[in-house]
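Next up, some structures in structure tokens.
Same chain, two partners: subunit A is paired with subunit B first, then with subunit C.
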Partner chain A sequence: MAENILVIGGGPAGLHAAIELAELGVNVSLVERDTFFGGNPKKFKYKYLFPDLQPAENVIGELIKGAESNNNIKKYLSANIESFKEDGKKFSAVIKSSTGSETKTFDSVIVATGFEHFDPAKDSKYSYQLFDDVIDIKDLERMMGEGNFTRPSNGKPPKNVAIILCVGSRDRHVGNQYCSRVCCTVSVKQAIELKEHFPETEVYIFYMDIRTYGFYEDLYWKAMEEHDVQIVKGRVAEITSGPDNTVICKGEDTLLRGPFEIPFDMVVLASGMEGGPQSPEMADKLGIELDEHGFLKQANVTLSPFKSNKDGIFLAGACTGPKAIADAILEGGAAAMDAYIYAKKNS
Partner chain B sequence: MAVEHNKNSERPVAEKGEHIIARHLIDDDAIKEEKNLVIDGVDVSGRWNTFIETRVDSEFDRSFFDEIQKTVVGSRINRCWQCGMCTASCTVTPLYRRFNPRAFIYMMQLGNLKLLKKYTDVAWRCVGCYKCSQRCPKQVNPAEMMEALALLIKKYFPEEIKSNHQLTIDEEVKKIYEGMILGHGRLDLANLHTSAMRKMGKTTELMSDKDERGAIFKMMKDGRALSVLRLGKPHKWHKSKDAIDNYLRHTGTLEQEK
Partner chain C sequence: MEYDENGVSIVSNDFKKEIFEEAKKDFRYEEYVRGCLNCGVCTGGCPPHRFFDFSPRMVLQNCKSNDPALVWGMMDEYVWACFQCFTCAMICPFLNNPGGVIAILREISVRRGFESAKKVLKPYSRVLLKLTAYGNQLSPDMIQPDFFPDWGPHIGYASEDLPLKRKAIPMPTLQVTNLAWDVAPEAMKELYTIFEEAGVFKIIEVVDPSLYEIIQDIVDDVRSE
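== the complex of A and B ==
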């Protein structure tokens, strides 16, 4: 008899896990709370992905197609896990969706509930939502996805744009000490996209460190060397209204040792990733642990990063911490293997 | 080697370091030159004894760091990663560009007393508004670090403090602060902002700006403005207030009321 495995979350990690398991002949139940699959990249209409600027459709579209066309995957949209309990070595779950409630028994479980974007309105110094021209990277991603790069306030191309890194990350005050890992690379990618669209626009990146780790560094070099993107070292402490419908960034240029107050047409906040409400919700429902950063806790961060602290429940993707799509997909595959082994042994 | 200062030399002496090429590139205090000097009976006054000190830092003095870390106000000096949020937030920096909390903390971390000495005229200028500490992402508490700095300057450069810069208190600012603290038990930044604007004679600008008005309106609408007002007084404020009152009266800072 085929194994039954539950995958919670239909983003890149969950989709890939579900497809791999289905290929092995497993009966997969894929539970997604939204009305669509594809996770955050779909929700915010990412158009081109770092590192190689390929169309997001190539990746996300493929994953969705792969899951949708596979009959071994039972798909639940607008769904959630209503209740969950252990049943010997197995698990019993009630899945509630638009088509009603269903109780099922599973041999193992993969949690791939992903992340939420940090809400920059929580850090009042950035005046997010107070000024139309202060947006964040997910907003810009969506605007670009809709083919609309212009200033929200007047629909015109911006003369200059400030990109501010580490918003909601690496900051004790907002409670997030960790680095969100992708926002530097997303930012240099967006700087390139802005410049390709509006070659006349000046783009400045305010940074403390630029963490385009590994090969992502290529994009950083490209932004500077091919598109004249200027980097300025210093974190911005305040955004206020300026003359002629501009917004003023107040900060310190720590290399020149001096304060600046410079008007920009548009400001893009590189807001980071958070575990979101779904992480504690999952921890609570499934009886697994949360880590000190608000993400789901891995049994051993080095030895067994895809295991939760509970046997039979596995983790994949951004639910265990900020990461890129490639890592999320990789983890989806790895968790699928772990979950399959567990199911095989116990079914 | 006998070195004597030739007090009665008749030689005409050039300005300090005058003969150095590109003199304007070198700081005054990097030039060591005695106007009148005799070594072993040879008169080497003026240009003959000129030395230019190295302009390269040749050590990091960590003993200094240790000293500051031991103080209550400076205990978090090891946390600072030089992001500049404090300087960017600072009330004083726009007035005195040379007052730079971030740079001062760095000088303290590396024990660069030579550099710090150049800032004894502004280093004590912190007004204690705590905007820096509110925003510092590492919770270094730079406001209190400025206190550590002031203590340090007092200890290492007492002469500079005495001779050059007597601290004067702006009476008006003091009144605003006292009123706020004793009246409400906390600083009211909006009030501080409007008082400062008024003081600068910018009363009309206060409400005339379209965006500022829009921002205020939005904050009212989404409840942020209200949440500020709702903060209220600190717990058991009257007790603390009595203590502060008492202290100020005792030290004669606060005028006696009848």
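== the complex of A and C ==
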């Protein structure tokens, strides 16, 4: 008899896990709370992905197709886990979706509920939602995905754009001490895309540290070498309104200029990633642990990063911390292997 | 006191160390100095940074360096540039408090009667005198161009014909220019007790001995009333 495995969350991690398991002949139940699969990249219409600027459709579209065309995967959209309990070595869950409630028994479970974007309105110094031309990376990602690179206030091309890193990350005031890992690379990628679209636009990146780790560094170099993106070391302290419908970024250029107040046509806040409300919700429902950063806790961050602290429940993707799509997919595969082994042993 | 080319007083290395140790021993120090990302957000929000070569980021960095010479370098002019507005503490992602560190260093400077402290506190002698004599901090007759240049070009006009201008204020005033409001002797006596307990008189004695004598005479007078 085939194994039954529950995958919660239909983003890159969950989709890949579901497909791998289905290929092994497992009966997979894939539960997604949204009306579509694809996770955050789909929700915010990412168009081109770092590091190689390939169309997001190549990756996300492929994963969705793979899951949708596989008959071993039972797909639940607009769905959630209504109740969950252990049943010996197995698990019993009630899945509620638009088609009603279903109770099922599973041999193992993969949680891939992902992340939420930090809401920059929570940090008042950035004046997000106060000025139309102050947006964040997910807004810009969506705008660019829709082919729109212009200023929200008047629809005109921006003369200059400031990109501010580490918004909602590495900051005890907002409660997130960790680095969100991808926002530096996303921002450098967006700077390049902006410059490719509007070569005349001046693009500034205000940073504390540029963390384009590993090969992502190539994009950082490209931004400077080929697009003359201005990289300024200093965190912006305040955003106020300026003359001629501009917004003024005020801060310290710690290496060159000292104090600055520069009017910009557009400001992009590189808001970070958070565990979101779904992480505590999963911890609560499934009886697994949260870590001190608000993400789901790995049994051992080095030895068994795909295991939760409960046998038979596995973790994949951004639900355990900020990461790139490649990492999320990798973890989906690894968690699928762990979940398969557990199911095989106990079914 | 001798000064180097940066206007920093020249003292022995042992003395610099002693001052740094005194700062670190302050019960607030550990809370105010944590780590530092060198991000400059404190300095970006710091009002005096726009006008002077002064930066709360450097205050934190100097402390983190553990180099007593760097900390000593701030003891003269530097620490007095701060407005004590604590914007830095409000926005530092590390929850440092550079303005608080400045307060600790200033207190050392005042306690030890350093020249810079004496110089900076000189204009406040009028305020202290007013406070001990009348329980008022500021009264109209103290508004003089020499003392309030930061009030801008109209200070000259503002300081003329004070009795007449007072009369023009459409609300009850005492119709005098040396007082803003009347303070009861009981309140004054309580104020002196607070000053005594908090060590304010002792500080005045160190920073300005002649002012201290005048103030003590006033205090004795009021207390014997």
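One rule holds for everything that comes next: the second predicted complex is superposed on the first by the 346 of 347 C-alpha atoms of A that agree within 3 Å, B and C clash if a C-alpha of one lies under 4 Å from a C-alpha of the other, contacts with A are read in each partner's own complex, and residues count from 1 in each chain.
The criterion applied here is as follows: a residue touches a chain if its C-beta (ideal position, glycine included) is under 8 Å from a C-beta of that chain, and two chains touch if they have at least 3 such contacts.
The model shown is predicted, which means the values in this text are computed figures rather than measured ones.
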item: Subunit A as common anchor, with subunit B and subunit C clashing or fitting; value: clash
item: Touched partner set for A:L130, first subunit B, second subunit C, both or neither; value: first
item: Which of subunit B and subunit C A:R170 touches, first, second, both or neither; value: both
item: Partner chain(s) touched by A:P259 [first = subunit B, second = subunit C, both, neither]; value: both
item: Which superposed partner A:G251 touches (first subunit B, second subunit C, both, neither); value: both
item: First, second, both or neither for A:S241, with subunit B first and subunit C second; value: first
item: Candidates 1-9, 19-27, 145-153 or 217-225 of subunit B: the single one with C-alpha clashes against subunit C; value: 145-153
item: Residues of subunit A contacting subunit B in one complex and subunit C in the other; value: 125, 166, 170-173, 208, 233-238, 250-254, 258-259
item: Subunit C contact footprint on subunit A (complex, rising order); value: 125, 166, 170-173, 208-209, 233-238, 250-254, 258-259
item: Residues on subunit A engaged by subunit B in the complex (per definition of touch); value: 124-125, 127, 129-131, 166, 170-173, 208, 233-238, 241, 250-254, 257-259
item: Contact set on subunit B toward subunit A in their complex; value: 81-85, 87-90, 93-94, 97, 100, 102-103, 134-139, 209, 211-212, 214-215, 218-219, 222, 224
item: Subunit A partner contacts - residues on subunit C that touch it in the complex; value: 37-45, 49-50, 55, 57, 87, 91-95
